[in-house]
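Every chain is named by a letter (A, B, C and D) in the order it is written, and numbering of its residues begins at 1.
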Amino acid sequence: MANSKYEHVRKYELDDELLPGCYIVIRVDGKGFTKFSTLHNFEKPNDINALLLMDEAAKAVLVDYPDIRIAFGQSDEYSFVLHKNTAIYGRRSSKLVSLITSCFTSNYVRFWPQVMGEDRALKCSPTFDGRAVLYPSEELVKDYLSWRQVDTHINNQYNTCFWALVQQGNKTPAQAQEELRGSDAEFKNELLYSQFGINYNTLPEQFKKGSVVVMQRRKVVVKMTESGVPVEREKTEPTVLHCDIIRTEAGAFWAQNPDLLK
Amino acid sequence: MANSKYEHVRKYELDDELLPGCYIVIRVDGKGFTKFSTLHNFEKPNDINALLLMDEAAKAVLVDYPDIRIAFGQSDEYSFVLHKNTAIYGRRSSKLVSLITSCFTSNYVRFWPQVMGEDRALKCSPTFDGRAVLYPSEELVKDYLSWRQVDTHINNQYNTCFWALVQQGNKTPAQAQEELRGSDAEFKNELLYSQFGINYNTLPEQFKKGSVVVMQRRKVVVKMTESGVPVEREKTEPTVLHCDIIRTEAGAFWAQNPDLLK
Amino acid sequence: MANSKYEHVRKYELDDELLPGCYIVIRVDGKGFTKFSTLHNFEKPNDINALLLMDEAAKAVLVDYPDIRIAFGQSDEYSFVLHKNTAIYGRRSSKLVSLITSCFTSNYVRFWPQVMGEDRALKCSPTFDGRAVLYPSEELVKDYLSWRQVDTHINNQYNTCFWALVQQGNKTPAQAQEELRGSDAEFKNELLYSQFGINYNTLPEQFKKGSVVVMQRRKVVVKMTESGVPVEREKTEPTVLHCDIIRTEAGAFWAQNPDLLK
Amino acid sequence: MANSKYEHVRKYELDDELLPGCYIVIRVDGKGFTKFSTLHNFEKPNDINALLLMDEAAKAVLVDYPDIRIAFGQSDEYSFVLHKNTAIYGRRSSKLVSLITSCFTSNYVRFWPQVMGEDRALKCSPTFDGRAVLYPSEELVKDYLSWRQVDTHINNQYNTCFWALVQQGNKTPAQAQEELRGSDAEFKNELLYSQFGINYNTLPEQFKKGSVVVMQRRKVVVKMTESGVPVEREKTEPTVLHCDIIRTEAGAFWAQNPDLLK
């Protein structure tokens, strides 16, 4: 075979199989999105379309990789949780990280025009990094997701205050930052309410809780009869929720989805 | 800090630094591109626009990551060679693999309309996988690149025969495959010439050699004077070549670029 | 500092931390012990002193590394199970594997004369290899230990038959091997009983079950009073058991030690 | 097969092959040897027998692992350099690290009585840790060895001063430490000469340079004729040198052994 003379370089491709029996969390994260969001005039503190675009990209990832049991997104990051016993691509780390990051990126760019609107053309190519983290138990995965959701809340509260001070309070960014330094949650809620009449608790759940994506069996309209009656069928589809995933008591998300990570 | 209760999950993020002093080759590869190319009516055996789109995406990667010294592409794959002493992102494997794969994907999708033409809309989201391979010496990197270029030639010769038999010879794919099974280079060249009047050696270098991308200092027209005279400036830009990178004698690519990997 | 010129080589020492939250099993295994046991006239199929020496070496390892919760040994191998949350040596793989293998080897050689007897001097240096395997759950650790204990039984049954045929049955090793090829447990038990009058079930548990080592709180005689009365004190000491660690029902090992791996 | 029910645990044993084409340095290091050397009355600053014992253990390692091209030892550490193309044990990291550490330990304990003398019995089991470090080029391996030899010199100079102050100068360890803090080489040489009449340069090379071990072809007396004439034969044997391995000019070690690492 003509190729063989150089084939010896293949032996440098080492195995990078991830430990079996552990949940695999793949987290993708926007590279330089502070600059990217300014360049593309993202609304502050939250650009609903930009968040929806993240959700669309995430949903496409779940459709392509059925072993993903749940995903969680906020701001410019998304985490995908693969079942602990998944065997796709031999659990090779680079393969999984690169494919999921690439799939997310591809859909983000492809759906940009229809979600962001034709008047907000892409001026540069958005890129994401990705990493794989292993969690040996269901409880640790829930702690991981809680960690990201607490982070969502903290960031959103801070950003809501910051942009209120800048946009409505006529502060410079530096002044706003100074005013918020070291302040606790109560101070920020009070500031929003007293100075800007904003009740933090009534802000959209999407901003406070981030996006939870799971595959759900739902009735979907698949066509119309000639007489205009919608024909429904059950389909399993990625569904975006903005619910609490920290609490575990009766009625809470995990109590309602006890087998999601089993 | 409100976040601390769950921060313990961070310790599961382990280090994946790549060995210093080794060249890092990151190879991205289209996922399911046989199906993807059929869905999007790629010309066979080679779709020039599809190849140009790969080159555009690769050039964008080189602009973003200056430590890439050379890249090589063919078909739906591209390899990027980072200098052995690069320190970007602490040489973390997942970071480098995911960022370069994401950057490539993002540009591939973003440039699709202008390179492929508005009439060939994307019908699904193209994704790529990526991997990192380390090579401890310059010689091994050259062997790696030779391996890919020999592969380009072998694949192109096979595909040229296969599609000639199918498109002009009225063979079914199965018949074409059968006719070529186990045949050597000479047989294929003879078949192309005698049956289809194709001289393999005169086919475009782009198909036979693949694409070599390097940063080159070139004169670029940066603006026009009021009187319409072009103003040139030297710029370092990614440049695509379709040259041999296997030979090392005087006049050959490596002899002309002795310091490229130093 | 005079040393600094060459200190750059330190950056090639990469991190090899083992995933947190997983049990770490370190298994040491004699290198070339078939030859080693022949050279030192080990009794066949089981040399009690050689097994006791393995146990002594294992006990010394447990004393030095309190995070080892249980160890299991048979023939020339020993497995040490570290608690899933151990933080010793930053969970660095090479460090743990090399230290435990070295500690085992050191004690094996040091205790050799007193356990094997002065007349069986060491004729070469016994060496062991070691490896680390991670198990994400308690159940998997128990499966691992069951795997080794089942293996003990299978090997012992085979070896008991093999050596009975050779030592008492005047077969050559090749003939003995041939006679046993593919035979099941029942056949072997029958062979032992009918040809050699050996009831497999009454053979020592040490041979059939291997050695389980755990730290146990026991009364130990620490000194004698002047009048010759032994003074006892409770001490936690490594204890060797030859019990079943596969069964989980009431009264079995795991039921009696429910918190051993917690 | 009776064993199969638990065999699934084997899939948790992951591959840890070391990158091909790189020199593998395995460094073993005494654990807690400050305490160990005090317990066994090592002479200070250097115990010749203890150093010889280290050398004996290292020589035994070289005999067992022919792919080791050179070893370097000082104090309670020894580094073994395997050729970059070695394929032993599939270059598995744990296997190599554990086997070489175990072999070193085993020989250290086994040879203890004859090297240290029967009157200095082992009071505890000496253990060593081990690690593998990869170096992609010959030059880096030489830098690594230079790093260890420079370290030998610095430590020896410091220890010679420290123990002279304590043993002959009647200083407490704390006073000696204080006097030497931050001092340079010149100061230490001057202190040795003026206060204790010690010319550092005339101290044994063994202390200043450490031990270099290489396989050398030498004439060895293999037996005596009946008339008492020694019969020599050429044998390749591990040989301990106390020479400089930093300099590279004509006549120096590397100039005399140009192919040692090729």
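Operating definition for what follows: a residue touches a chain if its C-beta (ideal position, glycine included) is under 8 Å from a C-beta of that chain, and two chains touch if they have at least 3 such contacts.
Because the structure is a prediction, the values reported are computed rather than measured.
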Chain pair with the higher count of C-beta pairs in contact (A-C, B-C): A-C
Gap in Å, rounded to a whole number, between the CA centres of chain D and chain C: 30
Length of the line joining the C-alpha centres of chain A and chain C, rounded to whole Å: 48
CA centroid of chain B to CA centroid of chain C, Å: 53
Contacts with two or more other chains, residues of chain C listed in rising order: 12, 14, 19, 21, 134-135, 140
Chain contact graph, described as a line, ring, star, complete graph or other shape: complete
Interfacial residue positions of chain B with respect to chain C in the complex: 11-12, 14-15, 17, 19-21
Residues of chain B that touch chain D when the two form their complex: 19, 21-22, 84, 134-137, 140
Footprint of chain B on chain A - complex, ascending: 2-3, 5-10, 12-13, 16, 28, 31, 60, 64, 93-95, 97-99, 101-110, 122, 125-135, 140, 143-144, 146-147, 150-151, 154, 185
